[in-house]
Amino acid sequence: MSADLSLDLCGLRLAHPVLNGSGTFDAIAARRAFGDAVAERFPFSAYVSKTITPEPRAGNPPPRLFETPAGMINSIGLPNKGLDGFLLEDLPALAELSVPLIVSVMAPSRDGFAHLVEGVGGRDDVAAIELNVSCPNVESGLIVGEQPTETHALLQAVRSLTAKQLIVKLTPNCGDPAAVARAAEEGGADAVSLINTLRATARDPVGLQPWLGAGGGGLSGPAIRPIALDQVRRVAEAVSIPVIGMGGIESGAHAIEFLSSGATAIAVGTANFRDPSAGERIVSELADELLARGMEGRPGAIAGSTST
Amino acid sequence: MSADLSLDLCGLRLAHPVLNGSGTFDAIAARRAFGDAVAERFPFSAYVSKTITPEPRAGNPPPRLFETPAGMINSIGLPNKGLDGFLLEDLPALAELSVPLIVSVMAPSRDGFAHLVEGVGGRDDVAAIELNVSCPNVESGLIVGEQPTETHALLQAVRSLTAKQLIVKLTPNCGDPAAVARAAEEGGADAVSLINTLRATARDPVGLQPWLGAGGGGLSGPAIRPIALDQVRRVAEAVSIPVIGMGGIESGAHAIEFLSSGATAIAVGTANFRDPSAGERIVSELADELLARGMEGRPGAIAGSTST
Amino acid sequence: MSADARVLAPFARRRAAVSANVATGGYRIFSALDGSGPEPEPGQFYMLATERWGSSSGRPYLPRAFSVADAEAVEGGVRLDFLVEAVGPGTELLAALAEGEGVLLTGPLGRPFSGPAELAPGASGAVLVGGGIGIAPLALLRRRLASAGVPQRVLLGFRDREHSGAVEELVRCEEVRLATEDGHAGHRGYVTDLLAVLLAGDDAQTAAVYACGPPAMLEAVRALCAQREVAAELAMEAPMACGFGSCFGCAIPLASGGYMRLCVDGPVVRADEISTALVEGSGHR
Amino acid sequence: MSADARVLAPFARRRAAVSANVATGGYRIFSALDGSGPEPEPGQFYMLATERWGSSSGRPYLPRAFSVADAEAVEGGVRLDFLVEAVGPGTELLAALAEGEGVLLTGPLGRPFSGPAELAPGASGAVLVGGGIGIAPLALLRRRLASAGVPQRVLLGFRDREHSGAVEELVRCEEVRLATEDGHAGHRGYVTDLLAVLLAGDDAQTAAVYACGPPAMLEAVRALCAQREVAAELAMEAPMACGFGSCFGCAIPLASGGYMRLCVDGPVVRADEISTALVEGSGHR
């Protein structure tokens, strides 16, 4: 990688702008399959963990996957060991990675989020926290990330609990993600990331009953890239904090489109499933593209240069 | 077509449940390309016109199209002759079709909608009216179809102006389409149709500037089918008026998935562009599927039988 | 929309078998046997796709528009020739079609070239101007004009030897004048230089000009003919999703204001219908 | 997760050249030369895709999981054999791979079969039970056990002649007992009938059973072995997006509650780890 792709992401010093999407690359399981090469050639400049919750979760009943045109639906259901299990078993292993660790958290209530932010934020091995707000708040019954008010209130509840960067992972399932992003910024978020998966469902082609064990799930992959690009553009225009863009990114060319749309960094999700080293390829394609365009140096600069 | 696919759609007697999506099949232009075969072998059981507005519109500057993974973005911008031009030039030609005519209308204000509903509703050649609510209301600045309140108010403003069936074309760009559908039903809508295109954008792969002349557009095609299927299911569960489902339908098998999800009828959009007789193929595939499944007779029955 | 000699298409996409696919400087010419379609008029086009359209990237999804380069009634149907430049996923799949494989097509579509008499009443002859891949529709036009006994001059322009393809194959014709940007053949420069000289002649006013090629060339032809008040028709390109007037994607600005749909009001347009042939997103780069 | 003999995969998807593709009753066996990968262990699998994955319908998009049916170190790398049943868009593309074409693969992945001693301490021998397409991983297992001098019995079940494929090709072995549902060969009925008889014998307790096949067969084997208290390993299937533990899509319910990820905790599981081999959406229909 010849071009200098390093950047500052709300205080995090990153070697390049390519992260992983939460829940799309398990660094611990990958090591079981590929060995130390995973740590030695880690594709991402920061590692975003799968979302953890206060209590352990088993996840949704199978089937959990359905392949769609140029994409896939997942209804995984956030299986995880819970906060204590994560801190005890996973954190030490993830701390061995050579890159900053961003822990994704979700809870059914503000207190639950507060508990997670305190628990995770207290660890030196954790660089930043991503708030996954694509969940209902039991107090209001509303999906936090679909409501500016809910999102703002959540940030106010947790902002004071940690000095670490707080990244809000926005949901695309609302009319105006930019308004939610503004609420997050006003609430003290250091960055926003988007898009999460789009609400989707599938039927058994033979039996016609709902295919997924949980009834519905979330759509990801190239199919949603045009929607992601649009929301990233709108959100980047609406806030002054950095934006981490994702949604169907499969190549350096796609990455540049997101950076041009105002993203400071991008994340690779579903593409990891097709090729475990997709991230590595995308970084080098991005480096080549930037060199070819004479845009090496801080890629964030692209945004200013061409976004409208 | 051996199976009996006829049905009653909120009072419209249709030979089969396959309509066209508004703006995706121009029966007049198609006749210029294919001649009388279009009228003689008209693929759809009812014809939905492209959306008309009170005044003529030229449409958006080119480029208006961008192909995406398993789909496309359009930013056509509703070019049309305006109400008077439509009634004078297009309606007589469309009246020659052997199927019921549904005229799609959109206006920037409730008065504008009222003007259209009165103008179109007064014509015997018009069987029903589809309200395209994916537009801002100049009075509130809000997108009508994203707000239950706006949608309800619009229906109240126009419901009394015509005895013809009113179909509300829902937008997918909101958190809770079912709530908007309920508002439409309470306002007196006879049916709802969904989904319209999803907000999307594209960049010139070379120049990186926004590709579309209008900056952004709407995503359609197979890529969005899993999202459409989910929204159709949610809306069908929320309302008791019939649902016309669409979004990436390309085959009889896809049509059955929508019918199984609670749709009474379905519409073919982008698939028309790949094959002008896609609708005809889908109808016969649907007939074969229903026969094979022993579901011939009112296809609406499928919904009851397998949707959950 | 003026009445025209357009041939109507069967109301369905159909399969035609590829009977040949040969390389020609820079491009490919492939032929398909259309068993159920009519003979197209010069300037008309088809929407094409292969049977394994698409890829893991999900493109190509929509069919692609192609002028018919030549067409001949043969045993078992009509032989259609298409000249293809591989510039992206769709043209790459089409350029790679092997004999015996199927091509899915809808057409013939659109408005063809008009006859010289129609275009320029009392025209003494036709002037055919083509550039690069744009020479495609001229072959069929030339043959039809020749068999109608219309005197014609053919002016062709090419970037360089790599892109000088298809001349021999397509324009078997006594009198062809060439212009090449690299000067490897004929006049060094643009084909419009040749046209300018020709239109300086006294029979210019009665000439009917037919042009197709890259937007810049078409614009030069349009401007020149407007200035010399010579009647001209241009075969244009625009992004097309459907090809039969249903998507409204192929908008071309009209001189009179507003837009035309190039797939049904074109692709052949009278030079005076438009105020520029340079349209964002249209034509080959 | 118990330590196992799994072979690690290179950390990248790579291209292997297809060296053969032959039909075998009902299925295809294709071979690819893996230039840079290690020799897999029996029971491991690869995620496969072709170079032109996808179609205009946008599927297949994700890679597909395939047990390695046989593997041999040859000149230039490792020859990998895969047994493919065309049941959808992905397997159709793979079954159609021609010699010289490329296959994109990641692997070897997952937990392999354990040795008999490990599985059933003091096991006198191994019993291999396979059904239909599920016989794939048995070939490699058989060769490895044979070279380790482990006495073995092989029981294979097939629906009918059409699906009796790959026996000869894959299981070149003296003693194979067959069961066919249509009775065209061997016992008329299920392979588990043969297993029941065999486990009735006195050396049953010390046998180590290795089974792969359709969910119904695996469940019958599981229940039988549980009842007779015979140690067994089952090679299972589940929908997989990644194959390396990252998507959590391949969930299989654990007897102890919760789920395992079949791609990293399997695909070979100890029969007593699960309470049923019948999992919604998993395995061949």
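Letters A, B, C and D name the chains as they come in the text, with residue numbers starting at 1 for each one.
FYI, a residue touches a chain if its C-beta (ideal position, glycine included) is under 8 Å from a C-beta of that chain, and two chains touch if they have at least 3 such contacts.
None of these values were measured; they are calculated from a predicted model.
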| item | value |
| --- | --- |
| Per Cα centroids, the chain farthest from chain B | D |
| More contacts between chains, B-D or A-D | A-D |
| Separation of chain A from chain D, taking each centre as the mean of its C-alpha atoms, in whole Å | 35 |
| Chain A and chain C, separation of their C-alpha mean positions in angstrom | 48 |
| Distance from the mean Cα position of chain D to that of chain C, given in whole angstrom | 56 |
| Shared-contact residues (touching 2 or more other chains) in chain B | 68-71, 221-223, 274 |
| Multi-partner residues of chain C (at least 2 other chains) | 49, 54, 56-58, 60-61 |
| Category of the chain touch graph - line, ring, star, complete, other | complete |
| For the chain B and chain C complex, residues of the former touching the latter | 23-26, 28-30, 32-35, 37-38, 41, 50, 58-65, 67-72, 74, 76, 79, 206, 211, 213, 221-223, 270, 272-277, 280 |
| List of chain B residues in touch with chain A within their complex | 66, 68-71, 73, 143, 146, 173-175, 198-203, 205, 207-210, 215-216, 219, 221-227, 229-231, 233, 248, 253, 256-257, 260-261, 302, 306, 308 |
| Sites on chain D touched by chain A in the complex | 1, 6, 8-13, 49, 54, 57-63, 106, 109-110, 238-253, 257-259, 261, 264, 279-282, 285 |
| Of all residues in chain A, those that touch chain C in their complex | 69-70, 222-223, 250, 274 |
| Chain C residues touching chain D - in the complex, by the definition given at the top | 49, 52-58, 60-61 |
